[in-house]
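Naming follows writing order (A, B, C and D), and every chain is counted from residue 1.
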């Protein structure tokens, strides 16, 4: 009898692993959309990760995410001498915990091949075991049959591309033509690949950013420098699994890591303006006008290349208020480049401060 | 010539002392009012403090405050062998810096006497030197003549009241009757005096909370335990010196320190409801209903004494999202005491969660 | 071919999981002994833990420990639907990693029964599977046959003793009489049981302190409040597996957690004196003598109940230097109680400062 | 009467300003010398600083320093409208506090001129007011007459040398020839000037490093990145004012800031070897030898340019233990460059690891 009590208690503990308090992530919604914070690339002991699936839910809950996918390798299962291969095990184990903690759990798997074509995550699937087949094209076909979103993972990973530069091999071009690639990772773990922005723009694919974590998130991204993992921001019509899937296929994403935002200008621009508000001047004298810019988001913005009559550069600190002093002579609009919001391989967002 | 350049540079540096980046303090406005974060009790080298007046402005700017008063002792000037007594010096020195940094600088002074009546801050004055007179009643009269708000400081300070309990001596009663006390400190530095809530309610006075800092704020209130000084929250019709003064005389205040809020229920209740939002249930089964409460403020709330069908206690973490699971059987309202929001000497705020 | 390269890289990563930089733990050796920092109670996915065995080695390496035991439950294996039961698996998986990282890995297992007798760790065994038998006494006998050190775990754990007080049931008395209990946990996770000091003194058993961790250490014991897990300090003739075993059976231990040290006075007293050094007076005047006490250990010491002519209480901060001013009138020795060094259920260490 | 009690209490508080707990700085002594940690460049409200002199003592006590000099500008006193000029005031105010807190207070002043010759600190003087004369050479002469150590401050300060490169003007050469310059700042605040190492070697001068702080130390050098101010390490025959002075004139110094050490090889080399200890191999197999290097100092060391059979680079973390694996084939000595120990403008320390 007493033993039973212990068991129940221990099970409860398991559910809470890694959870802590759920924090609010200060990233604004866009008009008409809710901004879902997502990590679509995570590993567990069911491939080469080192933690149990429910812990992935606990971590994401604590980090204030809205959705995650556990994407264990189909072809690489180094723990199989101790853990029999079951490609759906992580999903089955974590499903109810995700539901209880109000987290969207996307069913996924990583199709893990040498380059080309490299690694590809199949997201929004129903049965990962059907993707564990010899031919890579058969694996993709099995995923597509299940309605999968296919994400090309870390295309510039140095283990596969020693120069760190993603390359479009003919198999990738074929896949894009067939509509079998829907998104590409710009951020993966601590890396990013600028060229991905060009690919995504050219072929109208979703830009994604994920942790690809094999150990625990809190030890990979320690405070105070980096308080969060890489994440995909998805602008979704609702906070549901199906709305998320629709938004992903529609490519309505930005990516966020450290102090960087990247993605298409059509999302980056309204996102920036939702983050900041420019106050009316609070003081003027014969020479200058003083006003404040409030940034209520967790992302700092580094404005550079200002016009001559205004500060050359301004940092709008995250969750901070920045005082700006400009000459009364200013007549032109206060235009800046936002150095840390990338809209292309070599382009950054241009904005205007209106006070 | 070169020397002049250095001097200019050095002066600029002085202006920025202690400033850093201005942070946003997440405390909501009340309907019809803007919430001003204020510290009405600060010292400099012009009495027994150890820093220069402009540094007080720099610190307050960085901390995201809206208003401060520098209130050096009129009767205690231990540095006078090196710094000639000038009761308006701190004000004169800091005035322009405050204006340039969008901070309301309230002109003040501390009338420093043994108990009774103890120490009293005169706020919103024009000339502190006129208050430096022998008779304490004459000092008050000189302040009142300038339209001062008189704040009774740290009424339970152990150096003056060894048992730590504030006492209303006859001089205090006389002053209250004459309308010459307008507010009392509940928080002072690291102390607080519960009885102040009773006095303020009984005589309809403003509750205040201030740092009384003599050294630097950042070393007195270190992260991570306490990230902020004690402050008076003033519900003002506008963010101006005069609106602030009106609100203070009207007693529209709460006080905030560590994880505590204190003050009159008429302000504490709407403040609480402005801080939190209760989501719709995200999951239900035969037994339970699951929903989330989001607290977008910097104040955690500790809910206790719940009804039997709901959690006995719930912590709504600051800037956090809290998952609540209640029985489907709940029919009564979800009423809680908020342990850390004091509305009386022995009373806390009562609230209801409506999901 | 390329695939092979990836695999090798991934395996390397696994070895390093949780490792980080090895830190020095500032705890002095005792004359004739080296102080080994140990954690003899850890879980992995092979029972109800949530991480992989090599990660336990990585964590201990980073934390500057000298020895750990992985002690998965023999009778409680809630992941068995996904991970076949193998009581020696964690040991086999972690053995080489421990050797490569200069960590002593003690082979162990937790014999997990209801109270009485409760949970018991068998340490220094060779084959855990032989302990997985129905009768608890048979399990102990199998451990003893392998030369095991038997540690009674968390004797006051509230799931088994709702009042939190350890109790010696007749089975415990029998086991002690047979010499089948060799140590008892004083610290377990975030708990401690003062009565354990009485039991250990009475029956001459080793006092132990361990984390009993099921998740990751860094999330259970976060900076800055608590920078380390509970640990057993073993005073060993050498830093080897066999010397450690000898010291454990000889009961040469103290335990350490947060800012507390506990154990027998014969080890606590020399340990204290190895931590601190008292300087010669650096200044004297007609009234007072000034000197400094340096504490080069990670443990602060809280001295209380001083004699009248000296400070009533002194805090010797960890890795700090403390200035002490005593009256010239002092003739008696400067005797103090060290509030946070427990030598008995209701006793603390008494020390003298000689300057 | 009561008022007196308050006054006494307040005075006590003043003494403790900025003090906190004194920490141990882990930097080893050299054989025959004690390593004194010093800051010879600090400002207060008596020139253009913003804090009171006793606070400089409190800060240095907390930071574990052994000696400081308060060196207010003689020629730049922007607070003189409120604080009458008294060049010895800071010294008089801080002297007793320093004595009570076991800190060596060096009497100093900054002779503040445009470049050339720039700013120069006179240290170990008796009366700063005698140095406040029109002619810069007269000022130096007055200092020399008092036995002063003359330190050329921040020779590459961009306000005086826009390209940041120190230059030896003819006046400097004359001064050096006369023996009127004894040391040069390599570190000043957040800057450093590599060329200073060349000057100091060429003319046999002491290398110094100081904070030049005008505000409070804790806000200038915040954890966790930089936990300490720039400091001059002086290898002194004893911890006394006079021994310190002898060591300074003898040029027995290194400088320390962030993760950098700089100075003459004759001090840098034994300093390095006092910081680290190399353990005996703990494991060997057919291919490799495994050993550990313990670094008990607060300075990390970055070893680079290793021989082919050993790791190319090794980081010996501060207060850490580093595992090194080398090939059994190694026959040559394990020689490394220590990237962060500068012994010349373009030279770093060369060391050997003997295991």
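Just so we're on the same page, contacts are C-beta pairs under 8 Å (C-beta built on N, C-alpha and C of every residue); 3 or more make two chains touch, one makes a residue touch a chain.
Just so we're clear, the structure is a prediction, and the values are computed from it rather than from any experiment.
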{"item": "Common touching chains of subunit C and subunit A", "value": "none"}
{"item": "Subunit B and subunit D: spacing of chain centres that average the CA atoms, whole Å", "value": "41"}
{"item": "Computed distance of Cα centres, subunit C from subunit B, in Å", "value": "45"}
{"item": "Contacts with 2+ other chains: residues of subunit D", "value": "none"}
{"item": "Listing of all chain pairs that touch each other, if any do", "value": "A-B, A-C, B-D, C-D"}
{"item": "Subunit B contact footprint on subunit A (complex, rising order)", "value": "21-24, 64, 99-102, 282-283, 290, 292, 294, 296, 315, 317, 319-323"}
{"item": "Parts of subunit D lying in touch with subunit B, wherever the complex brings them together", "value": "2-3, 5-7, 9-11, 13-14, 17-18, 20, 45-46, 48, 50-52, 54-55, 76, 78-79, 82-84, 86, 89, 93, 113-115, 159-160, 214-216, 218-219"}
